[in-house]
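Let me begin by handing over the structure; questions about it come next.
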Amino acid sequence: MTDAAQGLVLDAVRAGYGDTVVLEGVSLTLAPAATLAVLGRNGVGKTTLLATIMGQTTLRGGSIRLDGREISSLPPYRRARLGIGFVPQEREIFRSLTVEENLDVASRPGRWTLERVYDFFPSLSERRRNRGNQLSGGEQQMLAIGRALMGNPSLMLMDEPLEGLAPVIVEAVLRGLDRLKREDDLALVLVEQHARIALEFTADAMVLDRGVVVYAGPSQPLLKEPDRLARLMGVARAH
Amino acid sequence: MAAVAERVVAGAADTFARRHRLRWYEALPWAAAIAGYFAFPDYLALGAQILATIVFALSVDLVLGYGGIVTLGQAAFFGTGAYTAGLLAAHGFGAPVLGLVIAAAAAALVGLVSGVIVLRTHGLTQLMMTLMVAVMLSAVANKANTITGGADGLQGMVVQPVFGLFRFGLYGNTAYFYCLAVLFLCWLAMRRIVHSPFGRSLTGIRENEARMHAIGSPVFVRRLVAYTISAAMAGISGALVAQTTQFVATDALGFERSGNVLIMLLLGGIGQLYGAFIGVPLYMIAQDRFAAIDPVYWYFWIGLLLVLMVMFARGGVLGIVDRIGALIRRRQ
Amino acid sequence: MTGAATPPALETRGLCKSFGALTVASRIDFRLARGARQALIGPNGAGKTSFVNLVTGVLKPSDGRILLDAADITPLSQAQRVKRGIVRTFQITTLFRGLSVLENVTLAVSERLGSGGDIHRAAGSRRHIIDEAYALLERLALHDEALRPVKELAYGRQRLVEIAVALGLAPKVLLLDEPAAGVPSSESGTIVETIERLPADIALLIIEHDMDLVFRLARRITVLVAGQILVEGTPQEIAADARVRQVYLGERAHA
Amino acid sequence: MSEILSAVVSIAFFGVAFAMVLYLISVGLSVTMGLMGFVNLAHGVFAMFGGYAVTTLMNDYGMPFWASLICAVVIVAAVSVVFERLLYRHLYGGAELDQVLLTIGLVFMSVAAAKYFWGPLAQLFQPPPELRGQINLGFREFPTYRSFLIVCGAVLVIGLWLALDRTRFGAKIRAAVDNLHMAQSVGINTSGLFTLAFALGSGLAALGGGLGAELLPIYPGYATDYLVYFLIVVSVGGLGSIRGPFFAALLLGIADTAFKYLLPEIGSFFIYALTLILLMWRPRGLVGSS
């Protein structure tokens, strides 16, 4: 399906926090510029998957390769510098930094610059002098995405970017993501509770249950079979 | 099969229920103390200081090792006890046991009052508050030098014979056995406390405060009680030192005293009841030997030892003994 | 349903809580019948854990009341509520890790019987407390590991100790916060069985995402969304509810 | 009136000069405690050796005041990096008790080392000729060196604040204090940042120790005797804050001077009591956040 030397490859990854093992043998392959939705109920390991790729969990087994290079023993900052951008669930904006500083501390040379991010999210440009703790939820989300882009990643990990946003803002963020998909050639892993939105947005999907992959394949079939999706996600129960 | 399983079953609960019973090795410190009396008759004064300081280290072990409260100000209670006993003896109330009791009460009162303030906070703030209480008392003692004699020491202490019978003589027999008897009583109390449900709940608070709240334990009250008892014990230690040396100065309240006792405890092993019995003699005997040669060197080496222990041997002597024991058991 | 003669084991009336602009509980009217087997579900950030914290007294409500057996317990502290029988477990194992399994449970039993502050007698001499704790471990098949420090146990076993400590408090109302969280599927079966076998007189509220687990354990389900109760009903009703699916599967606003 | 006014001016003047020294020494401690969560009781050691370096270079090697200051800062900062890499680093995120014990060990070692190399007495410190004597500020004469301390301190404080507010390095430090994990996730090498921040803090302490040698005499007990002052500044100011300790230092410097002037008998008692009360009122310090 893909050239294993390129993109992200996880092989039988076991990982968790301290004593707890959350992921139990997760494998996935993501080609450059591909899009993947990661679905599943709360607590099945979606966030842990992203944190593991980023290097913030305890890896107990398996390997993580980025463009053919084993990165599983690298600290998070090295992974970020190799081209992984991270948009965490709680956004985790640096509160005491201004919008511009939030972007600046993450910047590395490349196609994404302050100007391009401001062009992408004009409302951030208006608030460039405001501190992180003075932003609305939507602005924080845009800033979190913009901050990840400033690192000029080849792979973006996004953890529930629509969580807790008002519908209007959800639309604005989605428009931004659509544009990102069209205009940039980065690969995208999207963790979402809103399964349908995520499936419409991505080519491939993966459903996790209790740290195990229960579905890996194209997104479209799941979108067409809501019952199957509901079953996979454990929202409905198999009778 | 079933019978075997049953025996194992009963075994676990029995083992658990028997933990507070005396073991043979618990007699060792006392045997050593008696042996020391006969073996080193010229060092009884030092011996008495060691015994009194073990009481101090026990008091720290209670709050730190069992209660999980990091304190830099235990000298506040030691000093309170020392000055109480000293001032009593300087004003005609030189009966040692009475002095001890009043000193313990005074220190407990300081512990209770400061505990109400200190124990509401955590982390660095708590650390700072313990330190503040000690330096405040130290400042008071310094400024009230007409009463305390300041850094030169309290003048005119007259300590009467113990129970009116045993004089504090030149050779330190009385001082030695007096301290040994008091230490024995403190050890009994301490042992009882750590094996009591109260002591267990302190360990619970140290291990996981949130869960103690969730099982309905009045965490603050428990800590306050422990802090107060510990203060009383530190006060007893201060009084012992004051009575047996017939001397109190402001260094009784100093930061070095609070720091040194932590080191002695770390040396022996924190939170293990017997750490004090190992760490204090080791430290004080070494200090007596080496500090006589050069006190400057002494502090350098003790500092280095501390750094090395924190980096490589955090359990102290008892921790090393435990590890060797575990190794031997694994071999078998 | 519940007659007026038997008030619910736990009830909240108009329970509100907000942190600044963030509302985590908004006029929650909730009832948990005696001996109930009920689940509380909802997406991330719905306010489930805040609800548990409000009921157990970790958080003080901005408004509203909490009743246990029809008695108002809103002003009571966490410790006092535990004494009245409101007990919780934790989503992330919260145990005395360095202490043995038996000690963990003994601490709870001893606290319940009011001897936790006892300083005079040795803990070991109170044989009835140890025997009770031990019997509890036997019931949960943890007795073989009674003397091992909790931190040496497999995580799945630690989750059982979490329940054992709660049971040591003889709860009337037991709030299980994701009892199987972080446990591999191979071990979660034991936890479900343990919960199924809990005494019938304990009112159980299970906060959980795993629908298999919820459907197996709960006879009623409450769905919490954005600090409000969206719907409450039997598992069948909840499974058929379009709103619940929407919350979980999501729709684009224009779709 | 003039007498009261004169007293007030004196107290303010000497208090502010003292505060500058306290702040320079303590600000690094606030950063290490806030950024790395490390209870560093040995911070005063860096200030002390800064003071020893300055006085030794000036008195024994005849080096000019300014050059000595710069050398002291460089030497102490470099040595502190070795300590950070060898010792401190291993206890980041560890138990508070271990950090306390390790740094008490370092304090003991440094006290002994100072006594061994420099003897028990305080070092002689002579300001350079151009900073001796009195300076007339129009309405009154003030000691030149203290005036210099105030100006120099103010310049350094403004410089430090600007550096932290306006530079990318400063933004990275603030980002790491705010959220360590996220800072790593955007590519910030926090471990390298720690070392740099540590070196910066120690260098500033050395500068404070050297500049302040007239107010806080350099002798072996320095690191223990003034420790309480540094800790007060940091805990009252608020951990991890850059500005908080400045206000705490001003408060402490002026209060200390005022009490010593007005109530010499019980001054320090009131300082400690005031600290206790402030901490009861705001356990996280003046500008500390939860």
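Quick notes on this structure:
Note that the chains are named A, B, C and D in the order they appear, and that numbering of residues resets to 1 at the start of each chain.
The working rule: a contact is a pair of C-beta atoms (placed from the backbone, for glycine too) under 8 Å apart; a residue touches a chain by one contact, two chains touch by 3 or more.
Bear in mind that the values here come from a model prediction, so they are computed numbers and not experimental data.
Across A-C and B-C, the chain pair carrying more C-beta contacts is B-C. Relative to the C-alpha centre of chain C, the farthest chain centre belongs to D.
The geometric centre of chain C is 50 Å away from that of chain D, both derived from CA atoms.
Separating the CA-averaged centres of chain A and chain C is a span of 32 Å. Separating the centre of chain B from that of chain C, both taken as means of CA atoms, is a distance of 41 Å. In terms of their C-alpha centroids, the spacing between chain A and chain B amounts to 55 Å. Shared interface positions of chain B, defined as residues touching 2 or more other chains, are absent.
Within chain A, no positions touching two or more other chains are listed.
The multi-chain contact residues of chain D, meaning those touching 2 or more other chains, do not exist; every residue touches at most one other chain.
Viewed as a contact network, the protein chains form a single closed ring in which every chain touches exactly two others. A complete list of chain pairs in contact reads A-C, A-D, B-C, B-D. Those residues of chain C that touch chain B in the complex are listed here as 56, 58, 78-83, 87-88, 90, 94-100, 102-103, 106-108, 110-112, 115-127, 130-131, 134, 138, 143-144, 146-147, 165, 168-169. Chain D makes touch with chain A in their complex at residues 168, 171-172, 174-175, 177-179, 181-191.
Listing the residues of chain C that touch chain A in their complex gives 43-45, 93, 151, 155, 158, 178, 181-182, 184-185, 188, 209-212, 215, 235, 239, 244-245, 248-255. Residues of chain B touching chain D in their complex: 64, 70, 72, 117, 120-125, 127-129, 131-133, 135-136, 139-140, 143, 255-256, 259, 262-263, 266, 270, 296-300, 302-307, 309-311, 314.
Residue ranges of chain B in contact with chain C, taken from their complex: 8-9, 12-13, 15-21, 192-193, 195-201, 203-204, 207-208, 210-218, 221-222, 225.
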